[in-house]
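The letters A, B, C, D and E name the chains in turn, as written, and every chain counts its residues from 1.
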Amino acid sequence: MTAQEAQVEVTAVESAHRRAARRHRVLVHLTQLAVLVVVLGGWQLTVQDNPRSVILYGVPSGILGRLTTWVTEGTAIGSLGDQIATTLEEALIGFAIGTALGIVCGVALGRVRFLSEVFGPFIKVLNAIPRIVLGAVFVLAFGLGIESKILLVIVLVFFGVFFNAFQGTREVDRNFIANAGILGASRWQVTSQVVLPSAFTWIIASLHVSFGFALIGAIVGEFLGATSGLGVLIKQAEGTFDANGVWAAMVIMAVVALAAEWLITRLENRLLRWRPAQLAGPDL
Amino acid sequence: MTAQEAQVEVTAVESAHRRAARRHRVLVHLTQLAVLVVVLGGWQLTVQDNPRSVILYGVPSGILGRLTTWVTEGTAIGSLGDQIATTLEEALIGFAIGTALGIVCGVALGRVRFLSEVFGPFIKVLNAIPRIVLGAVFVLAFGLGIESKILLVIVLVFFGVFFNAFQGTREVDRNFIANAGILGASRWQVTSQVVLPSAFTWIIASLHVSFGFALIGAIVGEFLGATSGLGVLIKQAEGTFDANGVWAAMVIMAVVALAAEWLITRLENRLLRWRPAQLAGPDL
Amino acid sequence: MRAEKSPPAIELRRVTKRFTTDSGAPYTALRDLDLTVDEGEFCAVVGPTGCGKSTTLTLVSGLERPSAGSVAVHGRPVDGITPGVGFMFQTDAILPWKSVVDNVSAGPRFRGVPKKEALESARDWIRRVGLAGFEDRFPHQLSGGMRKRVALAQNLINEPRVILMDEPFSALDVQTRAKMSDELLALWDLTRPAVVFVTHDLEEAIALADTVVVLTAGPAATIKARFRVDLPRPRVVQEIRFDPRFLDIYHQIWDALRTEVDIAYSQSTRLDDDRRAS
Amino acid sequence: MRAEKSPPAIELRRVTKRFTTDSGAPYTALRDLDLTVDEGEFCAVVGPTGCGKSTTLTLVSGLERPSAGSVAVHGRPVDGITPGVGFMFQTDAILPWKSVVDNVSAGPRFRGVPKKEALESARDWIRRVGLAGFEDRFPHQLSGGMRKRVALAQNLINEPRVILMDEPFSALDVQTRAKMSDELLALWDLTRPAVVFVTHDLEEAIALADTVVVLTAGPAATIKARFRVDLPRPRVVQEIRFDPRFLDIYHQIWDALRTEVDIAYSQSTRLDDDRRAS
Amino acid sequence: ASQTASGGSSSGGPGDKVSIMVGGLNKQIYLPFMLAQRLGYYKDQGLDVTLQDEGAGVDATTDMVAGKVDGVGGFYDHTIAMQGLGQQLESVVSMLTTPGEVELCRNEVKDQIHSPADWKGHNLGITDVGSSTDFLTQFLAQKNGVDPASTHRVGVQSGATLIGAMQHGNVDCAMTTEPTVSTLLATGDAYVLLDMRTAAGTAKQLGGEYPATSLYMTTDYVTKHPDIVQKLVNAYVKTLKWIQDHTGADVAAQMPADYYAGSGKDAYVKAFDSEKGIYNPTGIMPPNGPSTNLKVLQAFNPDVKGKSIDLSKTYTDKFVQAAK
């Protein structure tokens, strides 16, 4: 058999794999569709004939209707795009700051024993405070502008990132750190070139949850007083027994979050290029 | 030099280490004290001469006073112990269920590619929903009993644990899994004896944050309607412009959470006995 | 063809293995490799470093799939981890959270042997690999050579029908290595599994094996030659190397191997290669 | 005493190292070990597996502290990682998220060498260890032997004044090993660092070293004997083993080593040890 | 229409900037605030008003004391409580002369509870512990000869949580406002125990008028910016007049569709028509109203209990009188 022939055979095996992968993808999407149909269809059917349930729990068709109105005619407080932009701005700024703080503090405390011994207990105490309650304090101190919302987002985002960054830092293989140290790396170089890449999966894992909490923080911040934003939309819908409106706002948030997730996953794949493919395992 | 002498010298070196460690501990505690004094003292001094600030922000001495009253005379809604017990019960039950669910789902999706492909997007969507808003839906569906609070705690706890368990499962060294498989381990045995021990640090890391959120869930659940609990205490303090009361309730929660943290850390140390001591690094 | 006879323990037919590297250019590690190991045969594999020895073993164990060609164990095509196959990895793969005795007894326990029995035979194996007294240590408390021996015991305790070993003795001193080899030969004599034994020590290969397979230099490694070692058994590893027949075989194989090693080395130090991605 | 002369490159004096095991009973790995390696001396360390060779190296590198006794490098007591010391670990320690060329150039980059220059000398070193063409691979895409060679290049590129090597060539085939040894000797001849070289291959030890140190079996290992290798330099590793003087030294050392290996092995397979924790 | 939040009262732009926080903009008891905006009355006065929504009047009040908003649309009694704590607030226009609250009970207790006198041992829903509804409920109990301590008051907010609490039997009666009232009545799960949406009903239950919704501000602000306050009051007085002259259908036509998206336009119109009487036609503080409030608070609010309150400092009619 010539190299040429072998080449052909390899290509054949590979394209068979690709076909199988395609079939698999179709199956996955069909299953997802089935799940969606069962859940939403079940909801629609149980609720739709009972006007009381429709008011209290909402109904998928109603939610769709509400979404259409919002998109085509705008909401009571302005165009839908404005509301999304407001909430997203608060969530993103807070998310960025909270994540950065979480990483910096987590890595610093993970690397410097003295810091972790001194500040560890304080961070645990702060983590225990029901941070939602702090929202009111932030409004008192910083007013109803974007600052108080961003602060609320930060306190909700920070701890998740912090604990993962901290643990990720401690989990770094001691051999790598020792090797880098022996090769002449300064403490800072060890941190940036050994600890951070190695703790990276830890940090990314926390970002998924944190982004969810960033949105919660923005919404709750808007509950406490705001003129625009998805939180205001939800509050208003709740106040008028408009369950469909509440769900519609949630659907919008879910879409936003999915977009963010997609970005996080891309970042993850980019930065984890160095890993064996199987090790990365199934992707969420 | 005899073995005897060497023994003596080793003992001398070790006791010198112990002395240094003791000095270090004292230094740590002094620093912590200094931080506390600066923060609380600063707060007390800035606020105490301005009656309006005292009303708005509370003052450490007032918080202490409120705590003393609560402990000695009980609160407006019953003895302090009862309130703590109520909140703790909700938080703990929800925490246990949410953690268990998070671990099971995280490991299952991490291990079974098909599951993660099908349900991954749904979990991301659910994670994006502002779960605090769901509280009202839970009350509608389950009333003001403990069920709705526990549900709220579960939805807040679940995702943090889930994402860490999932990522921890994917991070397990493929060599270990391959080796166990070759030694004859079934899928279930691989999961319980390789994946779980290896993902364990991931799961523990998420418990720290999750316990904080469990308390938040219980409190917010109580905000929505309850007859006892720390959340009711906070709400009442807020309703009567009693910032000291709000802080006092938070202090109590922090103490509760510290106790829980202590237990989590003990569990961690017990289960991670197999690790090199340095690898564990500084303890939080 | 051998179709009518009982199937060989291991059969690789026209196996090609390609890896896709980051630059996108595929790297062909193995091409058109044919290898048959009979039931009860002890086969040693030698070849220049990086030629594809470990890759071959992962294909047999079912941890990796070939890009083309077929792999069969006991006549059945390999498709996932094959039961009854033991595999000692080149890198550490013993479980860090299990003590030595738990690591060694893991195999029997996985297979449902009662705990007491499993522990007993684990203790026996620990003694056989010279680790008595270290039963309760965790892997990070052992030296490199000790960990290798734990892995050895962990695999042998299962009495697999096919044993794949990737440089199992490379971290051991000569004496311990000889003792481990004797242990291995004794076990092999008892149950006669098929063995594929990757090593860099040609003397060791010849002392242990029935056949020695020499792989060509990568990329696209394949089998260069196959030598029968017809030294009488039972062999005592430390003495056999003074046998004149041994030296004869040694020189034959060494000639085959040396050219490959030279090719491999000159390939990878060629200056014009410096700027090429792969 | 040598106090007046320039201090030796490495000096361990009455060093004891104890580990606390889980059962609480301390395990004394080294006891009262004295070792001096002069400036420019090439010292090979051999000993039974698990006796404490790696532990000795970690003490010199400053990664671990002795429980008693003192360790000094260039006359300065060791207290944390010592600059100018290179250490090739027994286990993989190259960074998995850096490509080969980034791994090799890491040392110079850490020390502030401009990127271009560092990459250039890294490429040169990669060629010297026979990995040309693999510059852009990540460690998981390399074979075990290739990873060892990356680690070798990574350490040598720094031209350390003291080099500690823990079984650096154990995963290499004989030929590559010989070539690496020649490379190492050439570098050593150029800059004359002090080298401590742990190996299980006695021939290798003698072919490379000025002195061969034999450790006793653990626990409480110490130095059993120290042999001077007065073979002329420069040596060609593959030829020197046929020198009659070489064989002479080999047999001397082998006698010393064998008793220790036997002790180690019989200790750890004693049946009465079976029930003891350590 | 609405702009992003702006604290403080610095002027600039098209008109004087004022921010007002309201405890539930879409509740009918707070209708005048949004209605004035929809009718363009703020703009007519040269004002740039930012309306903030906030769930609880208490939080709105603290936010104002902290200087984050200029005025609060909330229940008048907060000014009294704040005076008890040494902070001077004053109501500048009174929009509701009755609380607009309704006590609803679930049908299952129809045979047991005929009036507050039967409350002993029952669970009573209020918005929050320490809120106006809490004090009102306690006052009603005491007035009807029931020791408030023998009832269990449960904070159930309003809307869905209240309905859930009632459906699951967590509370037997609850005090709430529109639109929760009509929604709950529409489902047929509850009946009206007592109705404080009319002057007569309020007088019967509380022994006088009970000023509820008003615009209050810190006395500080009122003295510093009388011109702005005057313009605001002008707008509200006009709005209150407009309400008297129009029907529910007219109001619904003015309000954003989202305000009646849930229960529907008809329900909204019906609800408005049934409680049109709660709105103060003039904006003048009812002369005996504040003392009713004080009576209620002094009985139960720890901030006010045992303190001497100067009611005349808690409201002023001079802006309403000057309104044109």
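A few comments on the model shown:
Throughout what follows, a contact is a pair of C-beta atoms (placed from the backbone, for glycine too) under 8 Å apart; a residue touches a chain by one contact, two chains touch by 3 or more.
Predicted model, so just to flag it, every value in this text is computed and none were measured.
In terms of C-beta pairs in contact, the better-connected of the chain pairs B-D and A-D is A-D. Subunit A and subunit E, compared by their mean Cα positions, are separated by 39 Å.
The mean-CA centres of subunit A and subunit C are about 46 angstrom from one another, to the nearest whole unit. Once the centre of each chain is set as its mean CA position, subunit D and subunit E turn out to be 83 Å apart. For subunit C, residues touching at least two other chains, in rising order: 22, 91-92, 138, 141.
Annotation for subunit B: residues touching 2 or more other chains are 56, 136-137, 140, 238, 276, 279. Shown for subunit E are the residues that touch two or more other chains, namely 59, 62, 66, 159-160, 163. Contacts between chains form some other arrangement here, matching none of path, ring, star or all-to-all. Pairwise chain contacts present here: A-B, A-C, A-D, A-E, B-C, B-D, B-E, C-D [touch as defined].
Residues 56, 58-59, 61-62, 65-66, 81-82, 85-87, 123, 125, 128-131, 134, 152, 154-157, 159-165, 167-171, 301-303 of subunit E are the ones touching subunit B in the complex. By the touch criterion stated above, subunit C contacts subunit B in their complex at residues 61, 63, 81, 83, 85-87, 89, 91-99, 106-107, 110-111, 138, 140-141, 154-155, 158. The residues of subunit A lying in touch with subunit B in their complex are 28, 31-32, 35, 56-57, 109-110, 112-114, 116-133, 136-137, 140-141, 159-160, 163-164, 166-167, 169-171, 174, 201-202, 204-206, 208-209, 211-212, 215-216, 219-220, 231, 234, 238, 246, 250, 253-254, 256-258, 261, 276, 278-284. Every residue of subunit B that touches subunit E in the complex is listed here, in rising order: 51-52, 55-56, 76-77, 135-137, 139-145, 148, 223-227, 232, 235-241.
Subunit B contributes residues 173, 175-176, 178-186, 189, 193-194, 197-198, 274-276, 279 to its touches with subunit C in the complex.
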